[in-house]
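Which chain is which? They are A, B and C, in the order written, and residues in each are numbered from 1.
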């Protein structure tokens, strides 16, 4: 047990630092994924025909290819592509930090799934409300801000909660490319001390704690998003 | 009559409706891209590894199918326990599903393989047991970890499916005096599976995408082979692109299979 | 114009320009005692880490130790994420096709370790029908695949330690690795209890290479000269022996 202590020779601090990295990347990737998802959902619903097809290609590709393969492809290819564009134009190549690369990769993957969740949520907004708003002369941005987004939020929250849980676990894949998040930190600790069971169980507990806290927070968010709506039996929420 | 004909027209016209001019252009661009990749990228490594590819692809498909099947068999009692079970069954099921869904699959894999491995190191007597030839290899741990993972996720799906079967059907069966197991086998389970079929199709694709992780515990699937090509030849992109293509093809097959299954399964709602 | 500047600014926030920066020395992100392994505080320690510090000091270069996954370390070098590889990487003809190497800084024999009393010999006949473990993407993997065609299976692990772990657990019959890594394993409790070294493998200079060197991108002759000069200085002025003393009984520079 003393292996898990906070200060050396305990590895507790390293594991918690790994957990911090995990949460940091998950937050960044989730935010990027949401941004891509909003753009993608609006594009799929209201965009031109070619936009719709291209977005369909994007979501299908991302959902058909394993995250690990996408991780490797984007890590090497995207870096090379961006750097070759930069050097061709006379700029110095940029070195992406590990955190940035992880966020971009996982964000792109999350974006495809977010697009579908948000698209489904927007479709679930009752058409009558939007028609009424348009009839009253609301501008599209006011309509989006006052009507669509609040109503869509309550339908989107369960799907978005799942996506958050997915991204926190997908950060573990970054261990395979050597980035020091919680799973890699655990593997390092276990490999150095040979106490595999201890560390993997400790990491499992930490991930579980993260997921339980996330579920609790999202339950509160869903309650807030559903405020004022009636539940299935007609009573107040 | 009229509806049947409309359906037929719809089915026949589906393909031509899809191939509008802009789509044909996009498909042509896609094919041109594939052709360019095939001709101008570095495929010199392919002949050396061609004989290893079919076995590796078979391993990937085999892992997906077997773990999905075994996992579903576990998921059905888990879902049932959560849907109706007494507390002493539903609470452990709930806890199990939460644990599986709350921790990364990679961690579960490593915990099973290396965690148990360290136990074996401490107890050399295990090597004498009759199970040793199985415990020795890596693929049983891969199958076990993936199966437990499928059971955890599908347990949730089956819970919703079991709860979603209309109560009237079960009540009618009970009123007719059907024994409990017959109700389950003839009415509840088939209807629940029917409801869950689209989700299970999606989950199968997700399971396919989880199989690359077994490469970290020395099971040689197609991802492991692609990594080996990169390590031997230092060529990075071409093996990965071929790998992506293989996974897309398998995912496409799975989607088609489930679409066909959904068509075959009668889902007439009165 | 504004948008490009904005985008460029955002990119700058994510990374930093490559020039005018300390040298990024890539080490393997997997523990490889006694050369480089993390301690409980997360710092990397070991003979190779001390060597990196000594060489950078002798060459008056500012170095930053950057752990990278061993499997992707050469593509990381080619892609510019690191500037040099100091990770016990052997100088082989195969690797020389893609990257360049400095002069060697150590050379130790390749040894096979097996369960106690197994009676195996470190050659093709002894390995026939056995399961061998090696680290992925190493000279040991290449050697085993070339020289032990009759082996039942050649299992590849992310780290040498995982292979040793499976050897102690009885999942594999033998493991081929560097003699120093094997000595470190045999010195541990698990290693002492389970296994013994059964001897060095027959040399194959083409696969096993000519010692361990610093990996560099092709064409970086100035950096290569700097490193070679620094290595020579470290060897000449006794720093090499001073670093090796706490870890090894005799010099590992080799022939």
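The rule is short, and it goes like this: a residue touches a chain if its C-beta (ideal position, glycine included) is under 8 Å from a C-beta of that chain, and two chains touch if they have at least 3 such contacts.
This one's a predicted model, so the numbers in the text were calculated from it and none came from an experiment.
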Maximum distance between Cα centroids and subunit B occurs for chain C
Maximum inter-chain contact count - chain pair: A-B
Whole-Å distance, subunit B centre to subunit C centre, using C-alpha means? 37
Cα centroid separation between subunit A and subunit B, in whole Å? 22
Per-residue overlap in subunit B, given as positions that touch at least 2 other chains: 114, 117-118, 216, 236
Listing for subunit A: what residues touch at least two other chains? 72, 76, 176, 194, 196
Where in subunit C do residues touch two or more other chains at once? 75, 162, 165, 190
Mind listing the subunit C positions that touch subunit B in their complex? 71, 74-75, 78, 94-95, 97-98, 136-137, 141-142, 155-158, 162, 165-166, 168-171, 190, 194
Using the touch definition from the top, list the residues of subunit B that touch subunit C in their complex. 114, 117-118, 120-121, 124, 126-127, 132, 136-138, 216, 218, 227-228, 230-232, 234, 236
Within their complex, subunit A touches subunit C through residues 7-11, 13-14, 17, 72, 76, 79-80, 82-83, 91-97, 100, 176-178, 180, 184-185, 188-189, 191-192, 194, 196
In their complex, what parts of subunit B are in touch with subunit A? 22-23, 26, 98-99, 101-108, 110-111, 114-115, 117-119, 205, 208-213, 216, 223, 236-237, 240-241, 243-244, 247-248, 251-252
In the complex of these two chains, what residues of subunit A are touching subunit B? 49-50, 53-54, 57, 61, 63-70, 72-73, 76-77, 165, 169-173, 175-176, 183, 186-187, 190, 194-197, 200-201, 203-204, 207-208, 210-212
